[in-house]
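Notes follow the structure.
Labels for the chains are A, B, C and D, by order of writing; each one numbers its residues from 1.
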């Protein structure tokens, strides 16, 4: 096969997958620009994009536009940075039937989920739990332009948790499958950082975490509470500190899964950068002293607030859910550094049925969850500009990727959305997506999946 | 695509699958011929095969051999009819992982199992439980020469039993899979003749069985005992009689699954042609009066005797196993019409592990089980010539396919084995297979699988 | 202790338990007498009781009344024979906690239940499943005048069923208790006639049933269907016939548990005297041919009809329940020999909670169930006189105890109720009990328990 | 009833239960005295007991003996302080059957267990987990002289654990019992200090623990690891410190249940007085740094070492068991303050069978376990004098009851054993019990139970 031929085949494949590859200079004119820094809106704005970066921002007439630039007229519209989601799970197909059916193809499911995110304006996602190798494969293919999809940053496993067919997730599945399948599948998640770490001394844990951090993860996440055993603590404070040290030593951020007031407090003291679902504390509200500590140390708090409508639908664990929303209210009022997050993923028919999931009401549906997040915090009185920053620059800073991402500033990667309506006026206006641009290229959203899981084979 | 091209592609495919298609005239000379009728061995025999049939049998020199016939010199060897197995299950991959993994490919597993049987000299198998449609697909492809494999006759479901993820087999699997998968998979077995028939009146049952008999099955099998509920009776005698009537009306034979002395007796009285594992009667020996009835009515009894060695290995259900062997002894001594059967199939790694099967000791391994059957009945004193007939002509008669199969007689289909050693001298000599011929063609056994389940992908 | 002293202590104990022992001559005058034979009501009636028997019946003025007879003036009231219930279970405390808590005291629970029955006008009960020895102990104590309570006739175990901690009832309980307790407790029910009989030949079954019939049971009951495995058949027809023979040989009646159309038909053909819940046939209606057979052979049918109100409450197994009521309608219309039955018992707090029983709606509550039975068949159009006979003389005849019981006729045992309202006018009038007389003695109902299970310790 | 009469009845009852109440002056002469302080053995010793205390100790001839003192001649024998067991569970009857059967009588089981301990020379036991109220009842009755038995100190529940029918012990039992029974029974253990404390903040925990400490417990025990979830941590370090503070504030000692190296380390840092089974650390050995800390802080370590014989019998959890013994070896060599403990209790037939306990091999059998403990540490090279102190004075000090107990010194309570053989020569010699004295009274061991649980009713 000649290399010329190869190249054109590649072009065909890229086209087929909805990728647009042509680099060009683009200028967006006339819109109100909300740059994500918290600055006042810039009316009649002009955003100039060269290659994949923002080359200039200003008002129309004050910026020189290169000849041949493609102009997008956006008067009456709003430009915001590409949205980010601080907590997604691109692979949720963990019931046994799905694990078997998609074995060897998990990266394809992940890619498809990343496309769902991108289609809905979430241009960057932080996958905080999943099988590391398939996630890396999907991330790298997207980054290399070999597949379309949201930009992925990934943690792989949650340190201290075992795989999908373990006591941490669906233990009964292990009784229905042969040991070899169970072992190799759980190992995709666990690798060297599963439950066995709970038995170890700090130095033994250090060694394992150091090895794991070297395997291409973008950030480290550990369980400070158990997953199914939510009231239990997983690691001593000194072990937690070792994990924080090792993440930082590897140049990545570190975060935790917590689900009780004490595990939350221990994680803060251990020095983590970010707390996942820090609004979850079982039946007991987070005390004011802990919220104060969050503010003082500016630990980033990814939250999972519910709208009042959803709160009504929720039937089980009523105390937990109401406690969670009280926590959210308190976190917002105290001025904690809050991040948009959804815990969202995509599910095929089989998995959805297994979990008897109610798609309509659920925060955790990729492509929808982030809109619901905005609506929930709006109800709780979060300021419109804070909401925008919670979904962009705050996340970029918390994950230490703000050199390139999170705001519309000269020199940053040109990830942006053009909205038809003003998102500062109403949370629901985030839904009015007109254009999605990633890496300076306009995304052909029509080519991205509507009904994911290998687009409902 | 031109038809010429098509043909050569077809040839390539056939070659690849180990099929030999050229019709020719073959003469086998010099061997001792055991024709399966019970007649005395014919020494220095000559068997002439034209197309797929036996054209002549006699002693060398007394039969004219057509010019150009291919001669196989077999002096010192033994020719017997192709072996038959009155009870196999070509599809045993029923644990959940396998059901998911092979969904849509069950017919391929079945074909592979039929190849394992053929390789070991079992040229005709009677599949007495399995998913009807995939079985029909595999059967028809083999019969049409599109795939290699033993000749299959099939029953489909056992009338009255539910599918693999039901109380009749592995009920817990249903709790681990989504309802849609469970339903469509169980339906592959159940169709319209599952457990719900137990609730019906005779005429309601008649209607369902008539419909099922019209769906391309080769014989009808119903459960007279439960499968997991082995002591229970499934159908009243009058319902059983209706099923017998409907099978005979459709021109096919009828058989039962029984597991207690009373279900056995009821089935005989209902008029079935054949009893599967009629040696199985739980902890209670079959009474002499019932054995007498078996002899009088010449109902065919497919049995599952164990060698003494195997009896020692068997750990669970010791009373059942010893009762079974006492029954076998009594059935042989009473002169019941016994058929070789094995309940055998093939299992992939996952299924084997799920069942923690001990391959070495088990009767029920396709490719091995029939050899063990011979060894077990030899230990019990069955006469050598009776053993041969139990594996050939008796089965053909019981299934009413003796017009074409079961003996080496002029006009019958040329299914035969050439053995290096005399099977009348020792049961183990059935293992000394030199040549397998099916439909007058010599099988290239080297091309058939050694380690089945899609040849261990 | 002197015997005089013993006697008076005995008297005290009898008084305390609500027994009235003094024999006397009683005359009841002025009421309308419904004698249970189906004869027209006798107005201004007189019933003379001497010792425990009916000495005379007629109209006031036409019968000589002995001097010193105690007169009960009952003008405007109604006298009916003591009610009978063809199917009760005086011991239902089978969850593990109750089995342990009451171990050694089951007969006391049974006695208490018999008192609840008596209090509500059910003077004779037929206990069709329970632990034989404690039942015998309670029955004999009541018959000997050592304890108060309804007259008990008992079957002990249902032949073919295992005990309360077996697959036939609550199998999981066996995993929570030590084997010795499980064994001795199950054995109280099973004795020699448990599930193991399903494996046996007719003659082997005969031996066991003969032995069991000799142990003081009043009638024999066998399972023709399974209990938890309701669609399965338990015994072949010829084994059923053996059981019928043995019961009749022992001079007792024989009945079955059936739950499908075919098990029902088999039982009729086997020649049983009585069918328990013959209206239960799973999801399939009893065919007209079987109902016709019931009429022809006059087999007694104990039924469990539901009122329309109860039918509405019933949520689970909707098809079964509606099928059952269709069957009831058909049985009544065809003129089958129907008997009042309730399947009723009493439950303590623990057992009630275990079964999450809804006391209010349930037919099967001793003391209430028979009233609901009348109301249900009234809705279905059963004639008032047939209802009365279904609850009295029909039951006595079916159980072959009509020489002494079931009607108000001279020479029979004086079991009777005086009602304030006319039971022929409305089913609910059976609730208007004024007086209960058993064995010619008036029962002090106030002393019988309101809230049973050792009167809520 | 006159008070005189009452008194004599009381005397009868006391006699019947093996109590000896007469106060007297006793002198034991001629034995070698090992006083438990670590001092050299005193040969030809004399121990004078007045009332319940040691009045004098010295060599024969150097101590004045009061007139009328009862002399026990013990030449050639050995006197040691009464043995103590730092960890027993007097009530182990937690399977459902036992919970039901003995409901309301748990204190009787406890008393009986205390008698078994006393009979075997264990005069003081520390019950570290059980139902508080029945334990208090038994303790107080023994202390008041109303029942015989070892002196009991008790913790009640382990703070953070739920009751016997919970996830911490036998969860399946809860599915077999009615909710009311489950609730009231679990509550006997849990009271206000169950699993729900894991959700609370430090100050919320403080309040509950303070309340619990006021309910008559003798020491506080909390779970630092989970019970069934052995690798998990139960409480944060700051919550643990609060519990330590509250125990000390209440004037009692505090101890933990730990099962991993990190939970052990956290407990030490939290400042506990005593560690139960501090030799248990799952599959990972206790690091030298933690052992060093144990020595430095002189935290008392109650251990559960196994003899080599027992190590061979142990089949399950082989790694855990071998790790435990390595830990024991290391703890002894490092000079950690070790206490004899057994985790022992008594079990009736039913409970024993439920747990399939092997009585012969098990450390945890009250009456035998302490002998096995001596034998195990002897194998590991513990010095004879250290062994004696581990079973006496060390325990008294660790529990801060050394003012009265733990050594044979003037003024202390006269709890002692007279042994026939020298316990410093061989561990097995602790079995050679000649006399048991508690509170200055000689115990009639023949009257104490051999086969406990209400002496095998």
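Following the convention adopted for this analysis, a contact is a pair of C-beta atoms (placed from the backbone, for glycine too) under 8 Å apart; a residue touches a chain by one contact, two chains touch by 3 or more.
Given the structure is predicted, the values throughout are model-derived calculations rather than measurements.
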Problem set entry | Shortest chain-hopping distance from chain A out to chain C | 2
Problem set entry | Averaged-CA centre spacing for the pair chain B and chain A, given as whole angstrom | 57
For this session: Could you put a whole-Å number on the gap between the CA centroids of chain B and chain D?
Result: 68
Exercise. All pairs of touching chains?
Worked result: A-B, A-D, B-C, C-D
Problem set entry | Of chain C, residues touching chain B in the complex | 195, 198-202, 204, 226, 229, 231-239, 260-263, 265-266, 281-284, 287
Problem set entry | chain B - residues contacting chain A, complex | 95-97, 100-101, 103, 170, 172-173, 175-181, 349-354
